[in-house]
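Listed after this line are the structures, all set down as structure tokens.
Next come two complexes built around subunit A: one with subunit B, the other with subunit C.
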Partner chain A sequence: MRADADTRHYWPLLLPVSLWSLALLLAPLSILFAISFFNVEYVTLIPAFTPDNYLKVLTRPLYSGLLLKTFKIAAQVSLCCVLLAYPAAYFLVHLPPRLRQTLYFMAIVPLWISYLIRCYAWKLILGQNGVLNSFLQWIGMTQEPIAAFLYSEFALTLTLSHVYVAFVLMPVYSSLEKIPRHLGEAASDLYASPWQRLRRVTLPLSMPGVVTGATFVFSLTLGDFVAATLVGGPENLMIGMVVWNLFGTAYQWPLGAAISFLILMVVLGLVSLADRIGALRRVEL
Partner chain B sequence: MSSSGTGLSRLLLLGYGIAFFGFLYLPLAVIVLFSFDASSVSSFPLEGWTLHWYRELFSDGALLGALWNSLRVAVVATAGAVLLGTSGALGLDRCRFPGRGLLQRLVLMPIVLPGILTGVSFLTFFASLNWPLSLTTVTLCHVTFCVPIVLTQVLARLRRFDRRLEDAAMDLYANRLKTLLYVTLPSLRTSILGGALLAFTLSMDEIVVTLFVTGRDNTLPMQVWAMLRRGITPEVNAIATLVLVASSLLVALAAGRLRTDN
Partner chain C sequence: MRRCFLLALLLPLLVLLGCQTGPPTLNLLVWEGYADRSFAAPFEERFNCKVTATYVGTMDEFFTKIKAGGGGTYDLISPSGNAWKRFIDSDLVEALNLENIPNFALLAPTFQNLQGNRKDGEVYGVTFAWGPCPITYNRDAVAEEPSSWEALFDRRYRRRIAVQDDPTTLYTIALYMGYEDPYNLNDTDLQKVKEKLLELKPQVRKFWSTAGELINLFVNGEVDMALSWPLITNQLRQKGFNVGEVTPREGATGWIDSWMIVKGTQHKDLAEKWINYMLEPETQKKLTDVTDYCPAVPGTAALLTPERARNLHIDDPSYFDQLSFWAHVERLDRYLEVWNEVKAH
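The block that comes next holds the complex of A and B.
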């Protein structure tokens, strides 16, 4: 068997990456998990095995409320990204091949450009004396600066959608690209209107892409605190800012670890769920 | 465009496409525009062109120091990610054993993991080892999240690689090592380079993980973050513009590499 011979010859190549992942990914996560059961006195961690931290997170309105609010914002951002990216992917897929490649590349380049700077762009635009307000006053649309732009849930959702939209565009684009053209033609031959074709053929077949993208965006938004700090402001705290604080000045590592672990569980749960849905869809096709 | 319905819906779609690209790029264009504005307040109307803010950057010692730190971290992290990612991709492509899927998932996990989780887990890890935070700890973390970038690129290339080339080399009495070095690796060259460029870009731009595991030394994004928290200044626009240009060039270069591969 070739596979057996390959395994015998190539297994040493797996050693470096396996050891690295065990030592510098699994071990840190395990330690974080252990610490989430510890106690803390002043600035000393006391090893223990107590569920107190988890209970605190789930029962204190400060933490549970913020956790829920963060889920809500993550859901909003995922929805916005899907609504923004789907028609864009549809537009790209129907372009002639050369133009399509170039524009697809241009659509995903921003993903690789500094996340911090993309967040900053919106702070610059939405600020009280910022670009948008001064522009509106300059052309005479408004007399006074509108304070409501920055430091609002709207600003936060908008910024995060801009930051993460390509994460939906990529999988939706590739699932749209894979739909055989003749399926659409067959639907038309059977007197489906363009709208019916979109709803009954294209949308269902591209669902795995939508689910994958939305999962990515939801997970990444859950942990955000940079955008929240820059454009969300003090009234739109996200759970990530609390974690940042607990591990920084507040020195409440066990509590921070418990919150982090709850987020991790949600992320891993979602990813495996999306995986399963994706797998089911593939079988149907 | 032949099968996408009526003229009106095609026009709507085109309009949306243009609006979408505007949404993506206008915010970035605003930064570039104001980096050349003479006014020290970033607002309309513009008050004339200047390169003053760029000159300021080059006399900002802290910023240049941070840039140098970032470059050192990114170079070492990229090298580590290339070694681990390439060997790992070859191993995952060719070995079959129970737990292979699990290993692959573990290695790729940093892609879906919110940065804050990676950051806090590394912070507690280094603290429990009494390992002082420094650029070394930053580099170790960067390797961890850069490995999956290189690994996925190389793995994708290996899936399309024609193994008969290796058989041919071995029929001509090349041993396994020679076959690997002279046949397999050269055909992975472009995807390794592409992955390395992406990993380098990611490392240069990373902020969330770095915030948790850095010591006294700042990286470039952390220095920008510090400048931002003090308030919006035109210098931030200038450095942001330079970062935008540099990242775009690196990614374009990477994409060029990866495309010739296909």
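The block that comes next holds the complex of A and C.
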């Protein structure tokens, strides 16, 4: 009971952040939600309550196809991030504390660098006259520069994976760190091979971290349109780019809003699913 | 520690206050090149103000920024002819008092009498530059000068061309296919243009979205040929790049840019002074030095060599009539859908 009384004391502390989310998140989103049911005629929004925009998104191959294509890219990026971040986090956790702190810090330092700069850096690396092509030609592996490095799905996946990899590294690292060492020792005592130890003990216990990280990356990639514009090729249109131009001169705000909301629903669904998986997997230690 | 904290809180406040005082700032939202220091700096000096510019790459950016409430941020915009009607009908720009813009009389009669930037007898835009959307090409990679838009479809340049990431590319291809009014296509015609665009797509290395991006594509050896703007050719030439520009025999689309004052601006006076200043032949010359765009004031010719004046088509109605100028597209939503379908295919 005492704890409850204390909590009541602290409620006002929530005020700033509640106001913040109310004014800057909930209010604009509500307006956007309302607009997604409107009609538009030339330059005027006509308040209505029509599901047409949503129907259009789901039935036109242009929009539904692009949604699927974007999901595919997001899944690809999430997978790359997990494959890169998990071994790194596993390695970090087994280092002596001082070294571990330093390396962990270095791994997340790129988060401090602007997203745009990181995209442009990849343009310099992957271009026809870029670092990678020059190097490959210099060591004699290729004669001609390889054009497919840049402005391709490869470039897009690589850039987004690099940009978001730290979002997987952090939760995986912290979930691995929380696994008590003696569990591994106990497994070894019971004649588990290192591989079995990883598969039966470490992996399951670190799953919440993986799920959290992958969900982050998936959601962030779904809405991205900048990387696709900068390093993607003519084939790599993402749904975010379409939302962006629907909000342009053509003034198709209701349709753009409907797409945005469908994406938001998918993201929220995923987050709650991830939350549930995380809860199921969580083991009291 | 606490003092540090207070200071940290106060600092942004001081910065904000600092912005309130001092000379007024004129905020421009313009195409690249339209606020170059070579003419913005003398303006600042003459009228004791500051000029800041935000550059846009596509018409969408103009419309989105202003429509979403940019009136508080921007004073002046420089949209092209295909967006004028939407800005005026959306009540986003101010009717102009031409008495405050005496240099309007210097404009070529064609531009004084334009109807596209007027409504109900009121003038909403003052034209200051125009030009074509030509082919820009790398002379080292493209041996003979392309004479037709067909060159963009040449298999030798597969994955070596760039076109603008905007329905404006659709207008050019429609023109090449022989449609006289690319801005009023019906569904059947749009479908045909779409098929042609899908033929073009495997040739495309990158859909460019800003002039700066296309310049980099050329410099980094990513593309050999592009649907572009004269500004792009000019800046590449200034970088010493071996570049050529051509208006193919089927003609080209063209654009006319007008200054418009954003509704609700705090600096209407200053904005009018800017428009007037931009029509002085001296400024027109500086503008054309940066962009290679055609001046709208014929008097500019007196400041240029005869050859350059000829190249810029000053007072050259035959060239002007050869271009199909971007116009208001009634069915823009459908055009955009087709364009997105091409990109998504």
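Here is the rule we go by: the second predicted complex is superposed on the first by the 263 of 285 C-alpha atoms of A that agree within 3 Å, B and C clash if a C-alpha of one lies under 4 Å from a C-alpha of the other, contacts with A are read in each partner's own complex, and residues count from 1 in each chain.
As a convention for this text, a contact is a pair of C-beta atoms (placed from the backbone, for glycine too) under 8 Å apart; a residue touches a chain by one contact, two chains touch by 3 or more.
The shown structure was predicted, so the numbers you read here are calculated from the model rather than taken from an experiment.
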(message) With both complexes overlaid on chain A, does A:Ser114 touch subunit B (first), subunit C (second), both or neither?
(response) first
(request) In the overlay, answer first, second, both or neither for which of subunit B and subunit C A:Leu237 touches. (result) second
(request) Between subunit B and subunit C, point out the one touching more subunit A residues. (result) B
(request) Return first, second, both or neither, reflecting whether A:Tyr151 touches subunit B, subunit C, both chains, or no partner chain. (result) second
(request) Quick one: classify A:Tyr42 as touching subunit B (first), subunit C (second), both or neither. (result) second
(request) Scan A:Tyr10 for contacts with subunit B and subunit C and give back first, second, both or neither. (result) first
(request) Would you check which partner chain A:Gly127 touches, where first means subunit B only, second means subunit C only, and both and neither mean what they say? (result) both
(request) Kindly classify A:Thr249 by the partners it touches after superposition: subunit B alone (first), subunit C alone (second), both, or neither? (result) second
(message) Need the overlap of the two footprints on subunit A, from subunit B and from subunit C, as residue ranges.
(response) 127, 129-130, 244, 247
(message) Applying the document's contact rule, which stretches of subunit A touch subunit B when the two form their complex?
(response) 3-4, 6-7, 9-18, 20-21, 24-29, 31-32, 35, 84, 87-88, 90-92, 94-96, 101, 103, 105-107, 109-110, 112-118, 120-125, 127, 129-131, 133-135, 137-138, 162, 165, 181, 184-185, 188, 194, 215-216, 219-220, 222-226, 230, 240, 243-244, 247, 253, 256-257, 260, 263-264, 267, 271
(request) Would you pull the subunit C residues touching subunit A in the complex into a rising list? (result) 58-64, 67-68, 82-83, 86, 89-90, 159, 165, 201, 204-207, 209, 220-222, 332-333, 335-337, 340-341, 343-344
(request) Flag every residue of subunit B that touches subunit A in the complex, lowest number first. (result) 1, 3-6, 9, 13-14, 16-17, 20-21, 23-25, 27-28, 30-31, 34, 41-45, 83-85, 87-88, 90-92, 94-97, 103, 106-107, 109-110, 112-117, 120-125, 128, 140-141, 143-144, 147, 151, 176, 198, 201-202, 205, 207-208, 211-212, 221, 224-225, 228, 232, 236-237, 240, 243-244, 247-248, 250-252, 255, 259
(request) Provide the residue numbers of subunit A that touch subunit C in the complex, in ascending order. (result) 42-43, 62, 65-66, 69, 127-130, 145, 147, 150-151, 229, 233-234, 237, 242, 244-252
